[in-house]
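Some notes on the structure that comes next.
Note that the chains take the letters A, B, C and D in the order they are written out, and that residue 1 is the start of every chain.
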Amino acid sequence: MTWSRLSDTLVGIPLKTPVIIASGVWPYDADLWDKNNLDGVGAICTKAVSNKSRRGNTGVRVWETSCGLLNSIGLQNTGVHDFLQNALPVIRKGGMPFFVNVVMESIEETQETLKALAEHDDIIKGVELNISCPNVDGDGMAWGVSPESTAQAVAASRSVWQGSLLVKLTPQCHDPYGVALAAEASGADGLVVANTWLGMAIDINQCRPVFNRTFAGFSGPAVFPLALRLVWQVCEATSLPVIGCGGVSTWQDALSMILAGASAVELGTAMFVHSDMPRSICKGLDAYLEGHKIDHIRELRGRAQARKGVF
Amino acid sequence: MERIDHNGTILKVRLISSEVIEVVLHCPAVALSAKPGQFVMLRLRGVLDPLLGRPFAIAATEAETVTLLVQVVGKFTHLLKTLPPGTKANLRGPMGNGYLERPSDKKIIFVAGTVGAAPLLFALQSFPELKKREFVLGVPGKGWGGFVSYVEEKTQNIKVCSDDGTLGIKGNALAALPETLGNNEEIWACGPLPMLKAMARKYIEQAGQVRVSLDMKMACGIGGCLGCVISTDKGPKRVCVDGPFFMAKEVDWNDME
Amino acid sequence: MTWSRLSDTLVGIPLKTPVIIASGVWPYDADLWDKNNLDGVGAICTKAVSNKSRRGNTGVRVWETSCGLLNSIGLQNTGVHDFLQNALPVIRKGGMPFFVNVVMESIEETQETLKALAEHDDIIKGVELNISCPNVDGDGMAWGVSPESTAQAVAASRSVWQGSLLVKLTPQCHDPYGVALAAEASGADGLVVANTWLGMAIDINQCRPVFNRTFAGFSGPAVFPLALRLVWQVCEATSLPVIGCGGVSTWQDALSMILAGASAVELGTAMFVHSDMPRSICKGLDAYLEGHKIDHIRELRGRAQARKGVF
Amino acid sequence: MERIDHNGTILKVRLISSEVIEVVLHCPAVALSAKPGQFVMLRLRGVLDPLLGRPFAIAATEAETVTLLVQVVGKFTHLLKTLPPGTKANLRGPMGNGYLERPSDKKIIFVAGTVGAAPLLFALQSFPELKKREFVLGVPGKGWGGFVSYVEEKTQNIKVCSDDGTLGIKGNALAALPETLGNNEEIWACGPLPMLKAMARKYIEQAGQVRVSLDMKMACGIGGCLGCVISTDKGPKRVCVDGPFFMAKEVDWNDME
């Protein structure tokens, strides 16, 4: 379908729909990147790419909770050079708009990764910088927890990457307003709000945490009300385009994100529930626009903010 | 997407042992293309709890139906047990490239730990010309009588072992296996990890003749989440797309907890 | 039933089971407080009690999400004097152990409330201090967000209330370790971890937030992995008894909380799902203990911490 | 607790109009004690999504069964429509103290907005000796033909109004009501808030003769959560336990958005 009411340009990249597949959920199979098979999908974020290959975490990696999913994959990937050699050709052939999800490691490593990607900037138009990772040179906290380290990470990336730059925030920040402003001031073109929430599970038979690293990233429909609140807060702070991410799994969720101020949404866990979720969401959005005689989804962006209550 | 998710309907849920149900689903898309060793991720439609599909080996197919043998252990399987015919389901699959292929003229020794029998029964259904074979089924004990009868009905001539000796030979399935495998023999095994590990140890010299189905937690079933990754001699592999059957030889057993 | 494997003393109060009904979910009907009808329930927390009566919030007050509930009740209650006159006799007659949930208002108001309760300390043995409310004399943030204001609130309450004092934390604190230590140092006898999480919902037909106050408190099974993580963190910080609260709705959840270090659990939203939830949970816990030949649930407390991984 | 939650089983789900289903449940505990005007909170067992029971007026009872008339509007009701007989449910209730009591010799004018007919049909079933009565049913239009027939079958002699005039009188239910009520007349009404508000305005002088059922979001149904509170002349009231039927006179209509 053409989805004319839904197509728009996001951080300079034209997207057929505002529904993006989030990082870490979509494999590099040729047929899964073929744009002819992806009706409803606006773009895809790749699995995390780091400078060198990473083995990921040992032990249990995924655990379902009520309407939610805990994961502790640990950024397993084969590194940027293998990505360029093996994944990029598949991606390119598929013809979908995409963002390369880049792990914020040390500043040098990240810059190396981005420089390697920049050599292919005829194909790679956008990067999604994942700042939920620990700043090992600093205090070991995630880059995205404070405005200061966020600014540092984004500025360092911006200096070597000229293409579109999405910055993916962590919900474990204490000051979403400050972090959003810091990312904006340091050169982000858009913000993804947000990565996973900090949760855990316990194995009642072994009497120990399910995950070897104790805590794990929490996603899925369960977190939607939290993610929507965070999107609302960030949209109050910034005028950058915001991509809502966290628990979106119905068209009503996607619309709520847009009414809160988002320009698009990412779907992670929902892709595990049903692979046709993007199309169902687009259908629902389109029918809503048609029913309310609204020409384009962009007219709804942030509309709920205009009538907001007082906290 | 068509190759991933399919609508299905539960046609029958039947208790065959105190803890095991046979579930028959209407789902032509899966029934038509399933190969032995493949599995589906089963989920209910209209609810987000349970959230994700649960992997179950395909135990049989008919023209438009798929049969699963499900042990009732947790949230989804307890619910499944109570569902009436007509309940709507989503089947993701058939999944897995490490399926079981028609053996040339080898003798196959099937080794099943409880519901691990499911994919092996499907192999027997799919390769009816398979003359040389043995089938060993291990169960905990008497409570599994109904399940043993079920398997016996599907494939005559099985050797039964039980941990407490209340059914067949006392001991686990390994007790009924030969010391070494003949050159023309292969083991196809599915069951709990300790059983598979013990078998890999027993046939360490012949691990190229032993195929095992691995049970890892899965979120996506399509190779995307990297939740089901194991270590192999060829690097990390995803059980959902590279398995679920692997040669025992490939698997890094020390890494499997 | 007698639940001998589950009964224990919590902050000086003997409880038949470690399953407590959380504040704000249980009405004052005589039959619902009659201990003969409450098999499995160890104690009940009352609805919030403030100094003067409060009307609560206008507009929509409850909204369901995937496995979760948003609420914006606004502490509606008839004030401490009406509570003492009308609710207390019903409570007393029922014979259940209970905690009076006290709203942390201004220091003076809170102290007045506590003094009024203290006049009935022959009946009222325990108070649960809810520090998720805004400190209107301070910066308007919730008392519980910082260690400093937590210390102030708890110390002020402790000085006028001699009975058992539970302090109910807010998950919106940035430093759970610091807050827990502050409450401990200022005289808390136990910590309830925690109150609701900050979420929101949007009305897609009216294009505005569902709640007049925009944000609302998020509870129910959806939040369990977050609450369990917070309980784990607090139990690492403090040696006070901790009561796990947030999404508990199966015996496995309750056991996980206990393995993480909790002495008891509170059930809020789960009581809306099924009124027999406390009994089902006790049955599950008891069967687990029996199956594992463990004499008393207290032997499992914190057992998962002992084998904890590295974050 | 026995007085609150009960096991039930869906016996039948039948489409009676494009958007309305009749649901018959087996649930003796509720069937035996239900009074007209009372409602149940219906939920599925074994899943936590949808999480909480949804309130539905009791539309009829038989010895062991309860009938509901459900408009398909959102998450739970869409799911309910697809459920086969045998599906397990939890019924919380019967709830509500503001039920409908046997009227002395008054004439009752029943006013139903779409599925608001449910509790009124139960009142008619419960008070068969009720001779003096009228029944006005408002629907949006033709799509509701099946529902109109359903109500007509249960209680002869109804006046139908439709917003677009495609069924019965053109206009909302109020169009079919007298200007003023006789001294011995009462209105029992259930339907969407705008209809009830309009009626309260129309009979502002006689609001002591008008009973209305209010539809508020509910979480608990037992008076605990204070989610369903309205303002009345006697202070805040909980619709779940103090209603759902209230005298129009009591209600602070300005406060109802």
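Simple rule for what comes next: a contact is a pair of C-beta atoms (placed from the backbone, for glycine too) under 8 Å apart; a residue touches a chain by one contact, two chains touch by 3 or more.
Chain-to-protein mapping (UniProt): A, C = Dihydroorotate dehydrogenase.
As the structure is a computational prediction, the values presented were derived from the model and not from experiment.
Here the chain-to-chain distance from subunit B to subunit D, counted in touching steps, is 1. Contact tally for C-D versus B-C: the pair with more C-beta pairs in contact is C-D. Per-chain CA centroids place subunit A (Dihydroorotate dehydrogenase) at a distance of 35 Å from subunit B. Chain centres here are Cα means. That of subunit B falls 45 Å from that of subunit C (Dihydroorotate dehydrogenase). Across the assembly, subunit A (Dihydroorotate dehydrogenase) contributes 66-68, 221, 249 as residues in contact with two or more other chains. Contact with two or more other chains is made by residues 48-50 of subunit D. Taken together, the touching pairs cover every possible pairing of the chains. Chain contact summary for the complex, subunit B toward subunit C (Dihydroorotate dehydrogenase): residues 48-49.
Touching subunit B in their complex are the following residues of subunit D: 44-50, 78-79, 82-88. Partner subunit D is touched in their complex by these residues of subunit C (Dihydroorotate dehydrogenase): 24-27, 29, 31-32, 37-38, 47, 55-56, 58-64, 66-69, 71, 73, 76, 220-221, 249, 269, 271-276. Those residues of subunit B whose C-beta lies close enough to touch subunit A (Dihydroorotate dehydrogenase) in the complex are 1, 3-5, 43, 48-53, 90, 92, 217-229, 236, 241, 255, 257.
Across the complex, subunit C (Dihydroorotate dehydrogenase) meets subunit B through its residues 66-67, 221.
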